[in-house]
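This is the structure, below, for whatever I ask next.
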Amino acid sequence: MAVLVDRDTRLCVSGITGREGTFHSLNNRNYGTQVVSGVTPGKGGQDVEGIPVFDTFHRAVEETGANTAMIFVPPRFAADSILEAEDAGIELIVAITEGIPAHDELRVYNHLARNPSVRLVGPNCPGILSPGKANVGIIPASFFKEGNVGVVSRSGTLTYQIGNELAQSGFGNSSIVGIGGDPVPGSSFIDIIELFEADPETELIVLSGEIGGDAEERAADHIAEHVSKPVVAYIAGFTAPPGKTMGHAGAIVSGSAGTAQAKAEALEAKGVRVGRNPTQVAEIAIEVLGARV
Amino acid sequence: MAVLVDRDTRLCVSGITGREGTFHSLNNRNYGTQVVSGVTPGKGGQDVEGIPVFDTFHRAVEETGANTAMIFVPPRFAADSILEAEDAGIELIVAITEGIPAHDELRVYNHLARNPSVRLVGPNCPGILSPGKANVGIIPASFFKEGNVGVVSRSGTLTYQIGNELAQSGFGNSSIVGIGGDPVPGSSFIDIIELFEADPETELIVLSGEIGGDAEERAADHIAEHVSKPVVAYIAGFTAPPGKTMGHAGAIVSGSAGTAQAKAEALEAKGVRVGRNPTQVAEIAIEVLGARV
Amino acid sequence: MDLLEYQGKQLFSKHGVPVPDGRHATSVDEAVEAAQELGYPVVIKAQVQIGGRGKAGGIKLAKDKAEAREHAEAILGMDIRGLTVHELWVEQASDIAEEYYAAVVFDRGAKKPMAMLSRMGGMDVEAIAEEDPTAMVKLHVDPLLGFQDFHGRRLAFDAGIAPDLIRPVGAMLARLYETFVAEDAMLVEVNPLLVTGSRDVVALDAKVTLDDNALYRHPDSAEFRNVSAENPQERMAKERGLTYVSLDGNIGILGNGAGLVMSTLDVVAQAGGRPANFLDAGGGSKAEAITSAVEVILSNPEVRAVLFNIFGGITRCDEVARGLIEAFAQIEPGVPFVVRLDGTNDVEGRRLLAEANLPNVHTESTMLDAANRVVELAG
Amino acid sequence: MDLLEYQGKQLFSKHGVPVPDGRHATSVDEAVEAAQELGYPVVIKAQVQIGGRGKAGGIKLAKDKAEAREHAEAILGMDIRGLTVHELWVEQASDIAEEYYAAVVFDRGAKKPMAMLSRMGGMDVEAIAEEDPTAMVKLHVDPLLGFQDFHGRRLAFDAGIAPDLIRPVGAMLARLYETFVAEDAMLVEVNPLLVTGSRDVVALDAKVTLDDNALYRHPDSAEFRNVSAENPQERMAKERGLTYVSLDGNIGILGNGAGLVMSTLDVVAQAGGRPANFLDAGGGSKAEAITSAVEVILSNPEVRAVLFNIFGGITRCDEVARGLIEAFAQIEPGVPFVVRLDGTNDVEGRRLLAEANLPNVHTESTMLDAANRVVELAG
């Protein structure tokens, strides 16, 4: 088992004919993901190394049975592409695009929230990797193997760092889910933690948060009430000054809100252990699950 | 039993301080309806013969536990008032107001459709009467008594005509529901027929339709598939010329769409008996339920 | 309210829908002057609210001033299927490469706006549907989300629009949707949507229907109403706040409530009669409204008999009786009246009528009896 | 992007939010001229992106030309909490009867816009919350439905606004919401929202934050950016397409990925060091981006040591090594570098560095060791 993406994933890539889109689509296919189609308006009928390209998501879904979309188009076209994927009946939309206007994300989020049969992960996220099953996005799969640790994270590279520390301690992953660093992520920590809680393969959940917003605090409350599995957390940005956006659009301490300190305290207050650095996350994992090496 | 309004109805009237609003609020209260409050912005703190008036629906709901709203404000304020009632947590909104712009109705309908815990009846409707229990709207209650015939209708006076014919044949009513004559009614025939189907008191359903739209055709399909109780229908407007609005904003034959002939045929094709005039409706009722006099 | 072509094109321009440059004219001289300003060739188009103008000779191409004058003279005053041409639209002739069809309609069934596109322009929707149902691409738009770029792309790709036109056609659909919403329209139709030789897209015709209930938000559009073109009884009724529709029979009808009046028309027709009008006196009608309504009904010279069918709810039958008595005092109608009063205060109403003993007024106690009687009296 | 007061007021005017009449000035003469045009009394306001201007003497009332000149001279060039005043806003003095607070904020938790209103204007939100949490009325708006009249009424009634001001205050909130959406703002705040003696409502101040990601839709607003007020390293980084935030320490930091860089700062701080900057070289960084980043980091004279923390995913460690080698060739840095390369092509990257044998470059294999080493080297 894994969450969100697996061997049944049938991926359609929006923006497949762009440089990055092509590179990662092929990379995902090489990993074993079923990349069944792509969408680029005006390039319908072409193909990308055998992957058929369509003008619209509706055609792509009709012709190739795609159930998952990956969004790789530039930010000004991304909201429209997500809405199109939803309209075409796609069940899971993974939006990699960084730099989408916040009000576009707000509209998309509130629209999608009314459709219980669609889920958005991202935008501004590295995607989802279920080791040994499917890779949808840009996560470098070679560092990760199958296992029982589920990882959910707001950042990309930091996730690889943590994943690598876990791997060196012998742990593999059920799935690694990047929810993205934007102010309005389509899926929250809670959404993904619920999936890991229900996933029989996952025995430990790692939550990697950062400054900005209150998603970690909400997750802490949720974990205390609804999660039976052990959770280890890490929070980045203790040294971030207020009012400055730290790379991710959503990573900003506003006044006294959204500090790493407050998040770590909220999690610890609910009994979630918080690693002081990525290495400690792996050390706590060993304590919880036992050494694997 | 009855549908939609009964002794548990706690009514708040928007526009209660207007002439019509006051008249019908008191009329409804005299019938026995619990009229618990009214809303008129700027008149909070006043009362209408003992019925407290509030500035906002939210206050009215908080202070008086209103669960049903009746909208009596002029058309340009009606959509806002309906949206306010919904936002305040009202479960049933009965909109009497005639002449609301069609695009306002469209926005309101599509917004409310996403909230499963609210129902709109109307606009441009006479309201709902559950004889012996509650009257919400402008239906003259004196012609009707408790009984086993549920009536759902797009028009007002025609409903009284049909109700009177039934009464003269000895039938009473579980409830009489006016869904209104506008292009975008909040509740359809199907919505109300489902309630009557589930209502143990109702033994016969009378559907009174008219030209325009395809609500009767849709109802015919629904009845054939989902309704076990007998249904008698009446359709007004066989002589209406195309392209002319016949009094109700929704009563218009557009090209060859929405004719009375097509509606009657659609109903009969699904086994629903259609009376040629209001008197025949009562005659069919006698055939179905047996004479009551 | 149905707009004339040039009125619809004004709204199009306001919302960025490309239209050919043109001028409005109500006289031959104005038309010629417009043509001179625009430069030849121009098209001179009769402005009437009816289809088939071209076939009827109401649309003509003018290559020079002489032709402009000749065509303007021919078209102004022309009768097109019963409508007299009082206004012209003179516009620059367009270079026609292809003709598409585009529309946004208010879909009551789906309770959403529906956008439509076809490459088979020139024909009407029903003709296209008959010829090739797949040729008309339709999709619904969530009115809260609004028209998105993908809606335009999807319509254009599915309709088989050429690659270079996907973007401009999609953009025009977005602008038409904007017009539809911003102007409170029930229908916005472009037929034909023109592709020119230089691959521009232009709305060559405009059919726009506005929601009367929303005209208060659009004072400029409200002035589009052409009172002189309306039926005189309908105009008179509107001035008096009555809901009246003119029909082609000889039995005047008055009732309270739209549904009951429609039902009354049907019952009269079933009895072999021909209604002259629909008139809803409305809920809670007072005596003076009834008097006023009788005047409107009788202003139609075709009327041979009148039926009052009242089921009193909020409307009180005694008020109706008083209004009728007053009307007789003022007008002295020359035709028989059949009156059925039932419901609130019906006994009092019937008593008042009996006491007044009006000439040639017959009371009946049921709707069916009343219908039969009035048909008999109309002869 | 945070706007200056006068820029925010320009956007307010565009969307119908009432503001006092005023003029922008960058010199004393311009300010005096503006005051003469507007008529006295005027208020002369320092335009800096920081609160507490009034207390710092940055806002002065001028009753005549002499006072206008005197105040403009005093305020221009003034230092307000570290910011030098280069611009003034001269506006008509308002007659202050009451001061309210109004705002529309982007509520990330609820994922909806939130409108706020309080009668306790003049204080900041946190001060109001401390004094009386119930004084601030807040409600969320469904972004698909938009701001409705009832939202404005509800805020105004619940905030206890006087009956005659319910409508104008509600209308101003609607206009502020429109500004918020139409301008892609993250924050629109009016404090104080003024009630004048003649019961007009006016936005006396304007605090607007725009979404940088949406500036492409607002070319006019994009020009509001005040490049000269930015930190030199941040400006240099922006020109080179790098994500850089200036901090007040002495250890230069470069990493790939915002989360990893934040984590690196934290680990350096835990080891007792003080980071000089946040610099995310981004995913898939090529050698030249790395070279460019090194230049930006070293342009800060405070930097005593630099830490490269790279976990290669899409970014290849060999590219990073090449970039660093190239940077050394171009710049010859005078400070020590600690380099940790892990992930994609890390072996090759480390080999390249070893071969290059750069002066004073130390490699470490873990993030923690690298942090400890650089802190040690920074001294």
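Letters are used for the chains, namely A, B, C and D, taken in the order the chains are written, and counting of residues starts over at 1 for each.
In this section, contacts are C-beta pairs under 8 Å (C-beta built on N, C-alpha and C of every residue); 3 or more make two chains touch, one makes a residue touch a chain.
For clarity, every value in this text was computed on a predicted model and none was experimentally measured.
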Intersection of contact sets, chain A vs chain D, gives C
Among the chains here, which has the CA centroid at the largest distance from chain B's centroid?
D
Which of the two pairs, B-D or B-C, is linked by more C-beta contacts?
B-C
Counting only Cα atoms for the centres, state how far chain A is from chain C in Å.
55
Roughly how far is chain B from chain C, centre to centre by C-alpha average, rounded to an integer in Å?
28
Expressed in whole Å, how far the mean CA point of chain A lies from that of chain B is 48
What are the residue numbers in chain D that touch two or more other chains?
142, 144-145
Of all the residues in chain B, which ones touch at least 2 other chains?
107, 111
Select the category (line, ring, star, complete, other) that matches the graph of chains linked by touching.
other
Touching pairs here come out as A-C, A-D, B-C, B-D, C-D
Quick one: which bits of chain D touch chain B in the complex? Just the residue numbers, please.
142, 144-145, 148-150, 153-154, 157-158, 163, 166
Chain D to chain C touching residues, read off their complex:
144-145
Touching chain C in the complex: which residues of chain B?
75-76, 99-104, 106-107, 109-111, 113, 126, 138-140, 142-143, 153-161, 164, 181, 183-184, 208, 210-214, 218, 234, 236-241, 244-251, 255-256, 260, 276-279
In the complex formed with chain A, which residues of chain D make contact?
106, 108-109, 111-113, 126, 142-144, 181, 184, 186, 211-214, 216-217, 243, 245, 247, 255-263, 265-270, 275, 278, 280, 283, 311-315, 342-344, 366-368
Which residues, counting only chain B, touch chain D once they are in their complex?
41-42, 44, 55-59, 77, 80-81, 83-84, 87, 107, 111
